[in-house]
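Mind looking over this structure? Questions follow.
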Amino acid sequence: MDDSTTGPLPAGDLVLRGHALVDELMGVRTLSEVTYLHLAGRLPTVAQAAVFDAMLVALIDHGMTASVLVSKLTAFGAPNALQGAVAAGLLGVGDRLVGSIENAAYLLDDLLSAAPTGAALEDIAEAAVEAASAEGRILPGIGHRFYKSLDPRAGRLFTIAQENDLDGPYVDLVRMLSESASRRHGRPLVVNVTGAIGALVNEVGLPWQAGRGLGLISRTVGLVGRLLDPDGVPIAEVLAAAQARPSR
Amino acid sequence: MDDSTTGPLPAGDLVLRGHALVDELMGVRTLSEVTYLHLAGRLPTVAQAAVFDAMLVALIDHGMTASVLVSKLTAFGAPNALQGAVAAGLLGVGDRLVGSIENAAYLLDDLLSAAPTGAALEDIAEAAVEAASAEGRILPGIGHRFYKSLDPRAGRLFTIAQENDLDGPYVDLVRMLSESASRRHGRPLVVNVTGAIGALVNEVGLPWQAGRGLGLISRTVGLVGRLLDPDGVPIAEVLAAAQARPSR
Amino acid sequence: MDDSTTGPLPAGDLVLRGHALVDELMGVRTLSEVTYLHLAGRLPTVAQAAVFDAMLVALIDHGMTASVLVSKLTAFGAPNALQGAVAAGLLGVGDRLVGSIENAAYLLDDLLSAAPTGAALEDIAEAAVEAASAEGRILPGIGHRFYKSLDPRAGRLFTIAQENDLDGPYVDLVRMLSESASRRHGRPLVVNVTGAIGALVNEVGLPWQAGRGLGLISRTVGLVGRLLDPDGVPIAEVLAAAQARPSR
Amino acid sequence: MDDSTTGPLPAGDLVLRGHALVDELMGVRTLSEVTYLHLAGRLPTVAQAAVFDAMLVALIDHGMTASVLVSKLTAFGAPNALQGAVAAGLLGVGDRLVGSIENAAYLLDDLLSAAPTGAALEDIAEAAVEAASAEGRILPGIGHRFYKSLDPRAGRLFTIAQENDLDGPYVDLVRMLSESASRRHGRPLVVNVTGAIGALVNEVGLPWQAGRGLGLISRTVGLVGRLLDPDGVPIAEVLAAAQARPSR
């Protein structure tokens, strides 16, 4: 049963933010264009669509992350409810992990809109790093445990943004935050993939609140793929490893 | 923090089903192509990508469905955890509603692979309808409470499939199931959107198990968009309506 | 399969916070005593157990709340996955609704531990109401849309606390917050059930962080009961009511 | 805010299956008695309450199970949403793991109600084991990877049932299934904790559908306790172990 059958289906229900689903979107606009429409309330330009598509692709899967492990463990216990395994994996997309996109997007938006007219980006970045440092806060989107000169996902995203003339002030600012933080802390703190996407959320014209949503959309693709994959990590071994430790 | 920072990030973790995420996918392949890759284990042809993209777009949002209502109600109680509101909405993508895509995809795959060589599709359909009828089962993907001559989403999907030479035996069979069921029950039972997508899951070369996953992916887009939408149904009124009834 | 079969089961795994599950707890301690043990790290006194039990009972079910509606809608879409319907209902136990227990428990703990020695509770309450009012904040646990002279659940909990000599400073303080807020705003703002439980979380010796957990435990009982109940609100009608409205 | 404030609160909303929450239940009936009432639609006898309480205690926590690991990993990613971590852990309470209680309860109910009057329990068990064996099915609730002569949780539950005169035909039958299966397969297949609880669901007069619900209720207690526990397994190490493996 299609779920629209649970009630009458007014014509308006097949309209997505003012565009007719069947006639104007299906087969006319790509999945990422329609996703942009649904999140922003308007269709993207060609440049926005290109950058937005790469942002979503960048987030699909980053190896055996906590979310993938959670989904696999959940499917092990409840093998007949794929939706439960995906939902469980998404529940970890919160403040600490992928959700930091939202925090980075908010920070950059906030810094730029609060800055006095004509303020130099270098000064804005310097002040933000100093303030965070004084309060013992870590800047979202800056620093990576593994990458020390470049997060290749961030580098690629910035190239795509440049090719589409969308490497504006938010991209500049996040790079300066990285440079300023690296200087202050005396060690390389790169713009990581969530910092790059946080900047680009703003560049492509989405509200910062959309940041966490992007992570949820891409990770759903990632988790569904992992759950359908017949290979992959043997869950029983992961469990046995955890159980071999004293449990409290 | 990017979640890959919780452990070392071997180069292999930025490889998606054999393709380098940064160099071969981001900015090179579209979101729906990479989604197909992650679900099927191989990249789609141009035709497969076109049809697959339309399938995902078709499922994003169908009005004020149960899933949307669940997400909105959940966000009302826990406004600072977008991931929880999306996860709650996905948990209803089960056997009865969008999950019927999986059942339709399985049924069509099963009927065609079990049929003797050279069997006419009409006969296969006729026998399947008869068997379902005898056991009091409803065929997944067939019939709609509102649409009586055509589900416009199904019609559009079949057109796109035809334009891409992907309207093969599964599309033919689901149409014949609709005709045969309509005759037997003496009332119009159209191929609905989940029936059409169930057929096309097979036509584009995905395993039937991917059916429910497609619903989860598209609905995540739909739910995120609904949750970011500042307008929309006033939840307090929905609750009041439910509470006005005797509660048991 | 019992899930302990997925790995070796060391004897220590049947020990709950230092107490042998089989020999010291099952049939010896009640469900609420063992719950207290698991949350507090120690067994309750007789008085603590009596009050704690009533707190959990008080929260089980409050009619057709948002959580119940979410669970019912989810079960409608995915009828074969009870765990998904319960999980969906719990996801709305967040900052705004039942989660306010945690906020009330924290506020009371914070006010009492920050107050100078010998400070009068009246003055602490007065200052807290003034500070909240100045910042436009609402005090958690205070005020109810329906109850104007007494929330009967709060009244009963305070009586039970008194009978067990556990109506100490946290109970006094939450009552004074109610009185002070009522005076300032010129309308009755009662201690509601979450305010009462927030106070009692402290009185029975639990950390304030346990507040949201209590809500989750009791609501799981409530949701499971509602889902097993063959009567109850007809979900199709609720959906139809929501769908009858313009959806954006 | 208390969630009943989102709408008017009719007096009937504080009635649980015909019993006034405030006057007849809080402080009068224990948590497990009210839980029984909410699941069964009637209050338990003293004997039923004693056995039911022990069943719930038995299921709270069995060490570092998959559910606990899932909850801990989820809290790691989304530390400010306890409800999400608990919900994720519950989503694995499905067909394979704790959900097998439901399957065991159903099997025993089905075998006894389908048996001809006067049939010997031995014969019913023998036939059921033979049928399962012929179809390659495993009997739910029978066998344990670690326990070979007795699952101590099952043993204790049966003792408590006996002390309360509730060790009737369902308990006898599950024991005979264990004996018959052990003989047929030539190795010890004990009644495990889910088999024992499956039998006792019937003995205490609950419908078999309540089986999975019991697991959800007890595990919510278990997961909340684990999440509040400041000690416990270091999640970063578990993740690192999983990530050290080739991820596909």
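Should a chain be cited, it is by its letter among A, B, C and D, assigned in written order, with residues numbered from 1 in that chain.
Definition applied: a residue touches a chain if its C-beta (ideal position, glycine included) is under 8 Å from a C-beta of that chain, and two chains touch if they have at least 3 such contacts.
Quantities reported herein were computed from a predicted structural model and do not represent experimental measurements.
> Starting at chain A, how many touch steps does it take at minimum to reach chain C?
1
> Examine where the copies chain C and chain D touch and state whether the two sides share over half of their residue numbers (same) or under half (different).
Answer same: the two copies use largely identical residue numbers here.
> Of the pairs A-D and B-D, which shows more C-beta pairs in contact?
A-D
> Distance from the CA centroid of chain C to that of chain D, rounded to the nearest Å?
It comes to 23 Å between the two C-alpha centres.
> How many angstrom lie between the centres of chain A and chain D, each centre taken as the mean Cα position?
38
> Could you state the distance in Å from the CA-based centre of chain B to that of chain D?
33
> Could you list which residues of chain A touch at least two other chains?
3, 6-8, 10, 12-13, 17, 63-67, 76-78, 80-81, 83-84, 87-88, 91-94, 96-99, 229, 239, 243, 247-248
> Considering only which chains touch which, label the overall pattern as line, ring, star, complete or other.
Graph shape, chains as nodes and touching pairs as edges: complete.
> For the complex, give me every residue of chain D touching chain C.
Listed in rising order, the residues of chain D that touch chain C are 1-10, 12-14, 16-17, 21-23, 25-27, 29-32, 34-35, 38-39, 41, 50, 53-54, 56-58, 60-67, 81-84, 86-88, 90-94, 96-100, 138, 140, 143-147, 151-153, 155-157, 159-160, 163, 192-194, 207, 209-210, 212-213, 216-217, 220-222, 224-225, 227-229.
> What does chain C use to touch chain A in their complex?
Going by the criterion above, the answer is residues 3, 6-8, 10, 12-13, 17, 76-78, 80-81, 83-84, 87, 236, 239-240, 243-244, 246-248.
> Spell out the part of chain D that touches chain A in their complex, as residue ranges.
These residues of chain D touch chain A: 63-70, 73-74, 76-81, 84-85, 87-88, 91-99, 229, 231-233, 235, 237-239, 241-243, 245, 247-248.
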